[in-house]
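Sharing a structure with you now.
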Amino acid sequence: MPPPSSETILVERPRLLDRRRLRRLLVLLLVLGAVLVLLAPLTATDQADSLGAPQLVDRSQIRILTTVAMFVVMASAWNLVGGLTGYSSFGNVAFFGLGAYTCAVAVDAHRLHLPMAAAIALAPLVPAAFAALVGLPLLRLRGHYFAIATLGTAVAVGEVVKNVDYLGGATGLFPPILHRADLLFLYLMVGAALLAVLVSRLILRSRFGYGLIAIRENEEAAGVIGVNTTMYKVGAFAVAAALTGLAGGLFALWNSFINQELGFSLDFNIQMILMAVLGGAGTLFGPVLGAIVLELLIQNLAGRSDVAVYAQIGLGLLLAVTVIFVPRGIVAFFGGGSRLSVAHLRRSLRETGV
Amino acid sequence: MQLFVQQVVLGLLIGGVYVAVAIGFSLVWGILNIVNLAHGALVIVGAYLTWLLFARARIDPFAALPIVAVALFAFGYALQRALINRVIRAPLFFTLLLTFGVNLVIVNALLVIFKSDFRSVTPSYSGSGFGVAGVQVPYIRLGALGVAVAVAAGVGGLLNRTRTGAAIQAVGADREAARLVGIDLRHVYALTFAVAAACAGVAGGLITTIQAITPTAGEPYTLQAFVVVVLGGLGRVGATVVGGLVFGLVETLGQTMVPGLGAGWANAIAFAILVLVLIVRPQGLMGRVA
Amino acid sequence: MMGGTTRFTGVVSLAAVLVLACGGAAGGGTAATTTGEDLVIGAPMSLTGSQSKEGALARQGYDMWLQWINQQGGINVKGVKHKVQLKYEDDTSKADISAQLAQKLITEEKAQFLLGPYGSATTASDAVVAEKNSIPMVEGNGAAQAIFNQGYKYVFGVLSPANVYLSGVLDMAATLRPKPATVAMLAADDNFSQEVAKAVVDYAPSKGFQVVYSDKYPNGSTNLSGLVANAKARNPDIVLNSGHLQEAIAIHKAAKDLKLDAKLSAYSVGPSTPDFIVALGKDANYVFDGSQWTPQVKSTASFYLSSQDYVAAYKKQFNTQDDPDYHVAESTAACLALQKAIENSGSLKPDKVRDALAALNVSTFFGQIRFDSRGINTFKPMVVEQIQDGKHHTVWPANVADATPQYPTPSWSGR
């Protein structure tokens, strides 16, 4: 008879606060927090007043929330092309501007004079069509060339818009002011943000998404295994354009003023990239996190002239530090994959340094 | 006809400035594979240095150029060694973001030091020039073209006729092989960037005689440098010279000689050309096919 | 008894009246005014960024009025004086940030009124916020007409609109002998500059001028020699530029380089700032500019300081030998308009003040302040300045001028 086997069955003793439970708790808290933040502005309505509810959020804060939501859309959209597909576009603001101008022209009494809903519906379509059109030649470029070509495209489109009177020329366009519509625009923008995250999630878990990631990792190999790289790239580009254009359209209607400087703002351009990278390019929530954190930071620092220049220097340093030490973004710390430690930082440096 | 010749002359002269700006940019891109978004900022640092020397020490701007070159050389070396070397092998947009961050820091540091006032260097001989058959050739611009060509020749000579240059080219061609042969990569990278920074500084010195400067005035030059390098082709100094002169010509002539197309379309034209070249002939006018 | 009470009441009343009268006489009227709550006015301003130079000037204008009004004890609203708190926020010259800060000033910093920012795009964005919040905004630094064509009710501009910026120069040129015949117009492609340029092109023929060249360049360009060469080829007698300081300097340098000998050069922005003279030295002489106001302008000040006193007060407050530039003056004028409207309406309620602004008609050191139905001041004319021997002189219209125009400009080789 063989000796009794000394198998010991290891049973994991369930602890109250193990890693997984902790993570789930954190996510739950975050979701609850988000819901509260999103519902709080409702206390500013007349109905809430009549119920005696205290106003938790003022107009200025509603404005800030709307701007944050706008950047969530733009950062998530950029992430599709820059993060997932690995084509870092430095010209996505072109889509923002195109969407903004589409909406502005659509509602303008002297131009198309369409109802607002129709204008909003058009806002993603024009940029998407443009992206499909220019994407075909542009996406044949790689790396630096693609980055600067997209930047050039954004600048060029902005210039064209400035020279065409129908598009407002140098003056810009003035969509009519909607009074008492702060909350409407807030929730429209938040809706767009939710849409952007939803679309990102759908893509991430689909064949399309895997194809994009394959293109990022090794485009030639992806082509070899049967991924239609051109279609996939242009598709991602068009989806990103549509989302960014939607944000632009809503912005134009909300701001009631759009000109070349606002619509094709190089500030917005670089900010959406920063947010995606800081948060974690290629992930689902990275851009969301990056957008929230960075935009709140920018808004909090705004207005103080003594701080302004140093804030820019600080931003530059933050960029340098992020890129050198934390290239995978903040979200990497939540994934449990890496922890903020000296060893991790040293490893980062060794991977990318000379 | 006279107008056309005048425009051609002007185009070539401003092309000289573009060459000076683009040489350093081309070097960094070609050897380090880094598109330096802080290049314009380095140019403006050079411009401010030249202005300082002129305003405080009465040094003629052209005479100040060597001093500026040395100063920017040192600065560039330190910058590369301390910072940029750390992300050489990272995905490309990290280097773009890093140089963008460096750009932010430099420009805003200049804003703190110099405020946003416009400065200009107007030496006693500014505005004078000579005329040939009614076509004016201003001395300062001619001098700028001369310096630009000299700088290009200098860099070309460095790369092709010296050991250091050979090391730089080796590193650019095949990093690992260069390392195997015993070349100190960190040092060579830093040296390359330093030379590029020196060129940028000299370009800045030239610019300050032609236009008024302010800390943010460097931004357009980075973009223009990119267009010039793409136009001419990456890799050879001669290509950058051609690219710069052609760009100056196209910009000036396009702005002024095409009926119906005003100067308001200048940027749009520049980028249309850029994108066109990238798509149709990505190696540029003189570059080698990869 | 009735009689006794009445007399007693009468005596008491008489005594009370006497006491009040004495108190009033002795206090010089101040005993009749009380001090109310501070009035908060918000001002989003380009303190840093691309417009920081002009923003700093605008701020000086606001601060000059602030110091003066608080020295007076504050704005008098029906006998109650309210000291003014002026809250600035730096919009870093960005229109979207400016709008956010305007809202913040209203909502969180409790600004009851707004003073305008610098620049047309920022003013346009802030105007929207003012309208949405039904808060009057008075501005002196955004001259683009488009803002005032939108039918806003709460936005008022004290400065002359963009389209008259260079018409004064053309009016003056029409009187000079030998009369210039041709005009070249170079304009930046931004909103304001384009409005100025379009107005010139439309107005010039009516004065007997022919526009032989008109082109625009990207805002902030520095390589303008091509354009100047083009202009030169058409032999213009008058060279006009509407743009910004850096471009004015670049164009003037190019004109010298290329030997463009115009009989008259006028730039809309640039020559009025000291930087222009510093950058160009002697080359800056003979250059004209259209100005909203100059220190020499003879105006009647129905309240606040006269032009002369204003200049003196400016030099004292900011410890400088430079005259105040028109950006300073137009900003102060905006404050004056707001102050007068509040006083006229006898109220701090936004709607009442808004109505008082619409009905305002007052003369100040800056000129007449009165708004047309769109909200902009079409009642004050522009003046023309010229740099003569390194100094600014007002040369047009004749009734406010302190010097005559030096015309024609000598050729470059002749200087």
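Going by the order they are written in, the chains are A, B and C; count residues from 1 in each one.
Throughout what follows, contacts are C-beta pairs under 8 Å (C-beta built on N, C-alpha and C of every residue); 3 or more make two chains touch, one makes a residue touch a chain.
Given the structure is predicted, the values throughout are model-derived calculations rather than measurements.
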item	value
Chain contact topology (line, ring, star, complete or other)	complete
From chain B, the most remote chain by mean C-alpha position	C
Where chain A and chain B are represented by their mean Cα positions, the distance between them in whole Å	34
Inter-centroid spacing, chain C versus chain B (mean Cα positions, whole Å)	40
Overlap residues in chain C, where contacts from two or more other chains coincide	48-49, 189, 218
Junction residues of chain A, two or more chains touched	159, 162-163, 309
Where chain B touches two or more other chains, by residue	111, 264, 267
Complex contact set, residues of chain B against chain C	2-3, 6-7, 10-11, 14, 111, 115-120, 122, 126-127, 129, 131, 136, 138, 140-141, 210-212, 214, 216-217, 220, 251-253, 255-256, 262-264, 266-267
Partner chain A, residues of chain B touching it in the complex	29, 33, 35, 83, 85-98, 100-105, 107-109, 111-112, 185-186, 189, 223, 226-227, 230, 264-265, 267-268, 270-272, 274-275, 278-279, 282
Chain C - residues contacting chain B, complex	48-50, 52-53, 189, 215-218, 220-227, 229-230, 233, 245-246, 249-250, 253, 256-259, 275, 279-281, 283, 412
Parts of chain A lying in touch with chain C, wherever the complex brings them together	58-60, 63-64, 67, 159, 162-163, 169-172, 174, 177, 179, 182, 255-257, 259, 261-262, 265, 267, 299, 302-305, 308-309
Touching residues (chain side chain A, partner chain B) in the complex	82, 86, 88, 90, 137-138, 140-141, 143-145, 147-149, 151-153, 155-156, 159-160, 162-163, 270, 273-274, 277, 309-310, 312-313, 315-320, 322-324, 327, 349, 351-354
